[in-house]
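Next come two complexes, and both contain chain A; in the first it sits with chain B, in the second with chain C.
Showing the complex of A and B:
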């Protein structure tokens, strides 16, 4: 039948270009990375098979472990900072607890449009001896010579960056929650109010249980996003000083494009994907339990 | 006011103290967050009109006069004009191609009823988890072998490829919601599938296409790592990469640095003011409960 053939041909015309580009840019390179991760390769000649050596080398490297720790801190700040703050901001606007919620929303969402590079350079200036943060601390401590030394501390150097991440991304979560809160039927809340529910009871007993799914989805976003974090930190500190603020993606970048260990670099990027899959599976099982409790 | 509304109103008033405390908390929390967000951006803006010496001498002071020299110098020294044109080029072409391809594929996946569609669709959705970094090495090697590294084409292809998963997700779920009767009527009229795509599906998808265009444009505009790794020629680099390089070397003149950052921010702020609604939709669409 010609129409059936016609249908097939149309399908190919419609979908094939996307599939080809996607396969070339993502599917094939990911498989390439997977294989390359088991080899030693400097970019020329044939890759030399070395089994799991790249992976054992990774976990024996203090820099990688420090980067992993920093990544996990970013995940923590995203899941336990951005999500609750974003939710609370959205809830306040949704329940009209403040006037001009719209204006607040616009302002808080603003940083999302600024590119990571600008955010990084701006906050570098904020923390510098002639920056706003330093200036404020000088006023508070009444010490005109104060300079921030937190970046020289191996354990705490990542903390200011965590603050910047919170500053940069909380608006996204606010917008996501706001869109979903708008779907909660107002009559349910009215009914609760008539029954004499207090505001915190509306929040915890009426609204939050309906948001469990969304919290899960945003948590998945937050995890995937956190492990990817590269642009911001790379352009802010480059992972320095002395790798104190490094994350896995920066560790991967340096090993690949500065030291030309393509095999090792590939193994690190596979590790990033594996870690995000692992964490997402973990958080999924946690949320399953939550859902069971609520239903 | 209906009697029901009145009774709610009365109860609301009776709720009294608890709610008042909530309102105070809400205002403080909101004001704090807003100040925190806008403060640094405002500081950046007014400091960009101060000469370097003033920025270092007094952190908070407002500019005494508009020192526009910062802007003139940053614009020429940083070649920001070229960078902006490059960014416009990358972002518009990649966005147009991605959105077109995604809508076409979305139509195929949503309406043709072929079983293989599910396989393809899941493949694309899995791509949401893949980060640019996990393909940088092979991509770089592939582009060098093909001789398209350090070219505009070599930048556009990964932009498109990485844009597709989310765009296909948006397009497919939207096109699924278009009633089949529209399509069937066109088939009876003797239209081919490709004609249906162009004359029925495309116009009916206008709302989602708007969201897709705006969301894709923002992510393409702010994209950093592909241009950073895959190009080395200054004249084809995008604004974020160019600003990173320019500003990175400016420890001697903070005035120029601030001016360059403001120039890099303004296009997207204007964009944001124009398309706020659509942007928010794009971010929210990823997590809206079905």
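Showing the complex of A and C:
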């Protein structure tokens, strides 16, 4: 007969390995970063406590603020671009509003199967001063010195990257929505059609209310992913020229691993975590209101 | 079942421990074994053959010393070296830079000062190669080469076609711009997307002209000079003038490193500013007779008085150094490797691939003529400091974007200088 003590022991034995791994991989580094964020440390000797100096330095640095602005634009494109666009595409394919849905599904999903570094290199090659698009425009305009000026504009240099991000990641949201749309009972839609519901009424009154939870989940993915975006942008532009396309993760990487300011770099990484949690909390409260409305 | 699982787990752990330790013990028994961390691009098949020849030569000459290599390239190399240093697990020998590029380990006391050993062979090397690397005359590595970071490669065939001659002054160079552009060519091919290129391959040479080494030493330490002085602002003004007059490659600050090289090699550019290390690529990319029309020049004379006329920027190259903890026969073996790599034996092998060594040896007769041109250039050209070789890397994160902004017309040379000086005054390690 199994005693209560045996049950407790089994519980501890079974959960301890995963708790230890989680603590070693997540909790300890985050706590270590949190503490290190209040110090000045170049990697040698003991870290020197400097209070909130790293945080005040961060918010006084124009590069960080510009990177934050770029990150928020990426969040906006992800939440208000990739998710609605992904849902719309999934809905069109699910409702068979176009012929050849499978082909479109594959085409839209294909970019995400390619490594972000390869995608970045491809787009970079196309739009670089010696790239295909630039070369084509030079021929059309008969101007051998033509270059795309948008990349040299502080406010707009990030825009082409936002376009690539939208193109690259929309496919994954489409697939998530498509999988969840399969769970919508066809009989409910048929009933709505029999009752004379128009397509937009089916979309907004029948399908969308059942998707609130998954929209919330994708929004959490989008926010967390956007704030730590690194690989695509770093490979495309390295944050340049003149830091115009930088994001917080690049700012953190350079300060930590190129300039060896571990304390400052830790403070930046804590800021990324804090921003993610803040935005996710905000979006959670918004979605709760939606849920209440539909309930 | 449960007991069986525990026994299996135990066996796996014991086996793992045994296998992990076994290799080292086996190698140790044969003589000295050194862990060597090297900076190598494993995808470069051309240099791989030469590297294998170099190692075969080592194995023949030093059969009792086993080298266990670990390779990484570019930023990952530095990231790992830094991590190893922080963890106190530096290898026995590692590839190092003479300036501040690997200052994160050389300035930490973890690398052995090899100046005494270098002193015994210094007369075999070019003087620039054996110049002190640390503030107290320390040497962390033995350079395998000496590098000119500024060469103004010139396509004289295109100059002849356009009826032009190599300009004597900046004014003459800028005056050539309209003619060159009208013919569809790029006046001065450069790429500066990463930002370091303008600083390392042009600004450093210009500062050598306007201020010379003494001024940069004074500005670096803040001893009676600063980066807001006319010497530095004047050099920035030259870059601004070239940019405003459309002399550079279109979209220079968007162009990846290598685009300008291709433009020059394919005959699209009249001049090409880059480091002397580009010679090897030019030899591979250009026609065999390219040496008959490609000249190695320095930037034309500036309108202001020059402290070091006709100069480039020259820096000692990379090489191997050793862990500060090495003593006795391990330290001797590490020195053997360091000297073999940069000395006459290793350099003779590397020279066959078109490598100009720091050690004074007779170059093989069959080296490409363009390489002989580079050797001549290095022998005859005075050299100033390369700025990022003597200033902190973090400061380059301020200077490089500021220069790009100046080229976009968003900042003046004075503003760039003030911004950089402000950073140096509060942060650069040279200012104490």
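What we mean here is this: the second predicted complex is superposed on the first by the 255 of 295 C-alpha atoms of A that agree within 3 Å, B and C clash if a C-alpha of one lies under 4 Å from a C-alpha of the other, contacts with A are read in each partner's own complex, and residues count from 1 in each chain.
The rule is simple: contacts are C-beta pairs under 8 Å (C-beta built on N, C-alpha and C of every residue); 3 or more make two chains touch, one makes a residue touch a chain.
Every value quoted in this text rests on a predicted model; they were computed, and no experiment measured them.
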Of chain B and chain C, which one contacts the greater number of residues in chain A? B
Look at A:257 in the shared chain and tell me whether it touches chain B only, chain C only, both, or neither; answer first, second, both or neither. both
So in the superposed three-chain picture, is A:171 touching just chain B, just chain C, both, or none of them (first/second/both/neither)? first
Is A:59 touching the first partner chain B, the second partner chain C, both, or neither of them? neither
Per the contact definition in the header, classify A:43: touching chain B only (first), chain C only (second), both, or neither. both
Touching A:25 in the superposition: chain B (first), chain C (second), both, neither? first
Touching partner for A:269 - first (chain B), second (chain C), both, neither: first
Regarding the shared-chain residue A:130, is it in contact with chain B (first), chain C (second), both, or neither? both
Partner chain in contact with A:156 - chain B first, chain C second, else both or neither: neither
Partner chain in contact with A:7 - chain B first, chain C second, else both or neither: first
Take the contacts of chain A with chain B and those with chain C, and give the residues found in both. 43, 130, 134, 257
Which chain A residues qualify as touching chain B in the complex? 6-7, 10-11, 13-15, 17-19, 21-22, 24-30, 32-33, 36, 43, 85, 88-89, 92, 97-98, 101, 104, 106-118, 121-123, 125-126, 130-132, 134-135, 167, 170-172, 175-176, 178-180, 183, 190, 193-194, 196, 198-200, 213-214, 217-218, 221, 224, 227-228, 230-231, 235, 249, 252-253, 256-257, 262, 265-266, 269-270, 272-273, 276-277, 280
Complex contact set, residues of chain C against chain A: 75, 78-79, 82, 85-86, 104, 108, 181, 184, 192-195, 246, 249-256, 259, 262-263, 393-394, 397, 401-402, 404-405, 408, 410
Chain A-facing residues of chain B, complex: 7-8, 11-12, 15, 18-19, 22-23, 26-27, 29-30, 33-34, 36-41, 43-44, 55-56, 59-60, 101-102, 104-105, 107-109, 112, 114, 117, 120, 123-124, 127-142, 157-158, 160-162, 164-165, 168, 192-194, 197, 218, 221-222, 224-225, 229, 239-241, 243-244, 247-248, 254, 257-258, 261, 264-265, 268-269, 271-272, 276, 279-281, 283-284, 286-289
Which stretch or stretches of chain A touch chain C in the complex? 42-44, 63, 124, 128-130, 134, 144-148, 151-152, 154, 237-238, 240-243, 254, 257-261
